[in-house]
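Two complexes, one shared chain (chain A), two partners (chain B, chain C).
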Partner chain A sequence: MTKRKRSVALLMSFILVATSFGGFLGASGAGAQDRETLVFGINAADIGNLDPHYASATQDRAIVDMVFNGLVRFVPGTVSELEPDIAAEMPTATENEDGTQTWTVALRDDVMCQPSSETEAYQLTSADVVFSLQKAASDDTSNYASAYAGWTVEAVDDQTIEITVETPVSDALFLPTIANYSGGFIICQQPFEALGADGFITNPVGTGPFMFQEYTPQNSVVLAANDDYFRGAPALSGVEVRFIADGTTRELALQSGELHVAAGLPEAQWADRVSEQEGVVVDVFGVGEVLFLNINTTIEPFDDPLVREAIMLAISREGHIALSGAPVGEAVYSPVPAQLMEGGLTEEEATEADVNYEQDTARAMELLAEAGYEDGFEIDLVTSEMDSYRLNYEVLADELRQIGVTVNLEVVQHAAMHELIRQDENALTFYVAYRPNADVYLSQFFTEEGGVTNFSKYDVSDLVEEARATTDSAEQAELWKQANINLQQDFAGYGILLVNQVYARQDTVDYGHELNAVINLYPGIDETTSISGD
Partner chain B sequence: MLRHIFKRLLLAIPTMFVVVTIIFLLVRVIPGDPARAALGDYASEEAIQSLREDLGLADPLWQQYITYLGNLIQADLGTSMVTRDSTWDQIQFVLPHTLELTIAAVLLALAFGIPIGVIAAVRQNSAADYVGRVVSLLGLSIPAFFLGLLLIYFFSAQMGIFPAIGAGNFSDPVDNVYHLVLPAVSLGLIEMAYVSRMTRSVMINVLSDDYVRTARAKGLLERVVLMKHAFRAGLVPIISLIGIFVVGLIGSSVLTEEVFARPGLGKLMIGAIKQRDYTLLQAIMVIYAFFIVVINIIVDIIYTVADPRVRYE
Partner chain C sequence: MAQASIAGAGSAGQNGAPNISLVSQRTRAWRTFRRNKSALFGLGMIVLVIAIAVLAPLLAPYDPIVQDTVNRLERPSSEHWLGLDHFGRDVLSRIIYGTQVALIIGIASVALGGVLGTAMGIVAGYFGGRISSLIMRVVDILLSFPDLITGLLVVAVLGTGMTKLIIAIGLTIAPRFARIAYGPTLSVKEKEFVEAARALGQRTRIILSRHILPNVAGELLVLASLWTAQAIRLEASLSFVGLGVQPPTPTWGQMIRDGTVYLTNFPLLAIAPGVALLFTVFAFNLVGDGLRDVLDPKSK
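Our next item is the complex of A and B:
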């Protein structure tokens, strides 16, 4: 027993000495380097897929944005303006005699493909760009192939490519597809082929301001500064993206100084509270994910427009916005958000078109009675466990209860919900999504082309096709607006709100740009981002 | 003894076979499509179908099962359906973090729980006993994740003594221990509550046994009576408890791993469930089942050492 006691005492002493020493090291170990590594706590448990042509989760989009470039890019901190990125200047289009359209893109001659574990750094050429766009266009190698359907991409010379599209499109539709988002990110051919498609999932190699250095499952992705970056060496020595799924832990780690930037909670209260902490700044900015309602127009009793109208009249946007609170939550007046892109309806436009339905439970009950449901009815709905879905379904259930409709809500895992709603399990489907333009929103959710994600079984294909066919941006926007009016007039879909992004940072962090909106769902960290001395 | 261990190991084979079969079927009962989860909600139906075929999910269930068993017999746990990395590589990375956390928590629980329990039993209804009972009750009432957050708040955010997040580097033992302290204390305090209560209750029973009275009547020192006679006899149920702790902590440490943003087996399993990564989930559960079997065998062996009455031969 004496021996055991001694062992326990020794162990405890070791822990104490080691931890004290560790504490000492931790306190004094902060770098004396010229540049600092920014530690970024992101709301995720791990990466999903770092091949930019598959990346869709928030954490994946943020990481690939730091590693890759597009031919053009959204001006940092905005989503309304584009500027050349890998392209030397903004591409121009010419109409061909055969009815096609050709976009010519001249490339910068100082863009370097980053080195990888298998390849050396080399100058990016048109061959890489052709390879990347062809990869983005293939269903076998990209999630975003549909955006590149009907494209022919050719290298004219080492620094010029031509993209021929079957049907002429406007700037507003074409340029975002070659921007720094989704399939528009340019992948260098040699490292991709050397690492293989599977290897690229956890080992991305691009041309951006930061280079992939290390991936530790469930823990972090470490990026190092790419000093050969064509816009100049980054002000940071690197970025360490830490996966921290718990919001309170992120907040406390920011408070303890272990994080420079932390993803916040999408709640105005949280933003207000944390911004009161000394040395911490909270940013609320776009792009927000839009919550919109889809009503299945083919399922009884929702095949009756009176019932669908009653549902719309039962809903209060304010009730849903209250879940986040302004300015984190903002009202939208169509599934396409007018705040973020052309083609959405503003409050005035929706009101003028008579599709801005104010909550009116009395009228809703009258409509139900008219449709033969004076005693209401019962429906079964499934929701994801994620707050952004579950809480809104709960509010909806309460709203519908007020007009006599009983909702039996079943909470399932997020992936299960996605599977079930695609099997038409929900007659009323909330969807939370950001899409880069009105065409994608409308075609994915309100046309036959959308397939299983056309939850309402409503079709605005004619207007979407017509909008695609015009190269006049103003006319195009009007057609998209009309599609939004139609689908709300027929009570098939309804825009409720968008939820902005909330991030907190140490006040020593300067992103290097104003923060209005960032398409890749994080504040945007690039070569200009810096950390000033404490 | 060796024969007994060999018998237990042989018995473990059919047990593992049944477990593996149940795991294979269970993971496929969860609604949700791994291909859709891997590709995200942007993916076209064609792309999802194509990935389903690549992953072998389009094959009949029996064929998937045969392939799975065949690979398992060759010690191939498969590749992740999401990252396409070897599942064993992923497990190999997180397992040491889970094991060190589990071991540290159990050691802390024993180091403090047993003495508190013994003192409380010996000085029943004294101030020390009441303090011990209150501490135990607190430990049983506070959820591990909440205690974790409290520890982070005080020791990281306020005092800046220990790191709030992450796991240390194994190549740097100091850094490793530095990162381990708060999570281990968070888990260990709760386990300590169980240990101290169990120890107290066992010791109170044992101390009233005839042989203890006899030992005292023989004039033995109280320390010897306690530790040599009473405590040794009371050790068996505590050993069972330790076995249950170790098995339970490997799986249930997920909340602590989540709060401290540490890699770990529990967190990996939750991620695999969320992403419908069948192969990774199967691999984790096989490893977990393997641990249960091994720990049970170890506990059996310790029984025989601690209590000579437990005979196997």
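Our next item is the complex of A and C:
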């Protein structure tokens, strides 16, 4: 063998050995490689804010839900049951002699704060929880501070905290505020302080089953599996959330297999049609966002109850529901939806209370004539360009046209509409929202406490305060129902419909739980979510 | 423009005298135009579009804004030839009424942009100096933006609505007219008849309107016909992005935008108004090309 041949043989041997090692190393990592990354097409152009205490848009809520935990959590796929999350067990309350109430929360000892670009992973302690709840309670660092007003949060030891509230509240009001939603998401102190509030907007660090990995503006957010997750390593290697604002594009991407999960159109026809495609499953589930009408009771001519009643009688719930179609759209009979929470009115209760207004155009015109508007009148309204608003405003404009009221509709950007309606630009304001309980719906939209979002300038504070003061859930629900009756009797607000969530997925995707309702407005992707082999 | 020309010179009449006939420049232009089959076809299409717009209340089978949400997205039938849209409104009726909006905006915005731009171009060309520099630099800046961007900027400032849209598109178009009017004005102002008019003490306004304008009008007319098509397309584009005429007024751009949501299952909702838009824009382009061949053959 010549020297040159020996060299070649040596090189070949080295390549063979290296290849064998490569194969071996590859095999050792097969556990991780076998897992797939779930690609999720969401109906948005970009993120807003991934600090969970500010996250309010659907895409933001979905992402932070995968990254963070609450002290307790809604049982996956439901909104009616809560279970411990970071808490070791469900918190208990004790009434204090000074009239306050203290909730004691014991923490799990195996919860790890995820590593970040600036910090190492470390065990979550009560100091992190106290920091997070104090952040959630501050107007300077949270959008949800009002829910935590009057709270004192203290660490008893490394694994126990105490929350003292000025006025005793029921489980139904307290537990959702420490659940995996809005201000209830727990932020680890060290990464937040290291990244800063601005850094956290695009680089969230929590304790959940997935860790933030990469953000490409107007394109995607990539999350990686958190194998140190306290409930066990996720079945997925990660989740890629792609921002695809166009419904047709999402549908085609799902058909081609580019997406595993896609946000659908909130229409029954779409759900029926797409579910007929081979290998695709469409899920229709809660929580539905409620569309309700607010009539400004202080602006002419709506300061006249006859005019407000005429508006109510011009509206056809069926006409609005038809935009979505059942089961995507469901009727609600008060701004608080009885299907989703205590305190809302069922059809029977609304009918019994005489606040279930059926469309009656002739009677509406009589009422307008009685109020001195036999020739109708003209109003200017602004609407968001988002379909959930624009389509309903256009239907409203047609309904009002039938009773002689001309609506000059101006379509503006979504953020502009929110700004304008808070300046009382609209005498008739549609609002589309989900809120976790009746107290939030009523206080935000129908009390002075609601401030600029009290679009009707109607006040049911007495009933809301009374409901807060009682720890008897049944009595509380009755008080909320009475508030709903009052505001509809005085034609200040009117529940019209709720629109459920519609998502399509490849039939290989298993969310790991039944889908009845998810508070964060997406199917709920966690450590149990998996993709089976194609 | 009533200058006469001698046609048929050299051919002998029955009495042996030359057969001389006076043919106006306008008649000669029309004859040239008439020989252009494409242009003539385009003119026929425009007449049809105008007829549809004028006769919309008679032609449309239904009120274009009346909703029937319960029967929304109903497929084409003998009752609704093009089906019902997502509000249950008759699509055919909305396309027919949409013709009115397209023509009003197309013609009015070109008229506005034409008058404004032509005035700017002629004034800049005639006076020269600092006035010319100022006007033409503004024109250059405006021309550096794509039409849609300029339209979006103006709409963002003025707001939405038909009148504001006409102003927005008119302002988008105006620099084109200014640029076209400027060049010929520079050469026409040096002609003897303009100098004669000045020597006779005619007012500047008279010189500009009676001596300069008629001599640059040909190219402007070509531009107007071509830009009517562009204005209609621009209106559709602005409506498509939600900044056009406000609902429930039927516009083709808005209809295409709404129809794209149902592109996979009910493509007719987007395609039908798209065809109407294509037909109208094509018609104006054909006529514009024909006019260019007649009035401005050098730029062909």
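Convention: the second predicted complex is superposed on the first by the 502 of 534 C-alpha atoms of A that agree within 3 Å, B and C clash if a C-alpha of one lies under 4 Å from a C-alpha of the other, contacts with A are read in each partner's own complex, and residues count from 1 in each chain.
By definition in this document, a residue touches a chain if its C-beta (ideal position, glycine included) is under 8 Å from a C-beta of that chain, and two chains touch if they have at least 3 such contacts.
The structure presented is a predicted model; accordingly, all values stated were derived computationally and were not measured.
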item	value
Partner touching more residues of chain A, whether chain B or chain C	B
Chain B versus chain C as contact partner of A:N143, first or second or both or neither	first
Which superposed partner A:I244 touches (first chain B, second chain C, both, neither)	first
Contacts of A:N49 with chain B and chain C, given as first, second, both or neither	first
Partner chain(s) touched by A:E358 [first = chain B, second = chain C, both, neither]	neither
Which of chain B and chain C A:E193 touches, first, second, both or neither	neither
Touched partner set for A:E419, first chain B, second chain C, both or neither	first
First (chain B), second (chain C), both or neither touched by A:A322	second
First, second, both or neither for A:E214, with chain B first and chain C second	neither
Touched partner set for A:L252, first chain B, second chain C, both or neither	both
Chain B and chain C footprints on chain A, overlapping residues	246, 248, 252
Chain A - residues contacting chain C, complex	246-248, 251-252, 265, 269-270, 273, 318-320, 322-323, 385, 387, 390-391, 394-395, 397-398, 401, 408-411
Residues of chain C defined as touching chain A within the complex	65-67, 69-70, 72-73, 86-88, 159-161, 242, 246-248, 260-261, 263-265
Complex contact set, residues of chain A against chain B	1, 8, 11-12, 15, 18-19, 21-23, 25-27, 41, 45-49, 54, 56-57, 139-140, 143-146, 182, 198, 201-202, 216-220, 242-246, 248-249, 252-253, 255-259, 412-416, 418-420, 433, 451-453
Residues on chain B engaged by chain A in the complex (per definition of touch)	30-33, 36-47, 50, 82-85, 90, 93-94, 107, 111, 149, 152-153, 156-157, 160-167, 173-175, 177-179, 181, 227-228, 258-264, 267-268, 270-271, 273-276
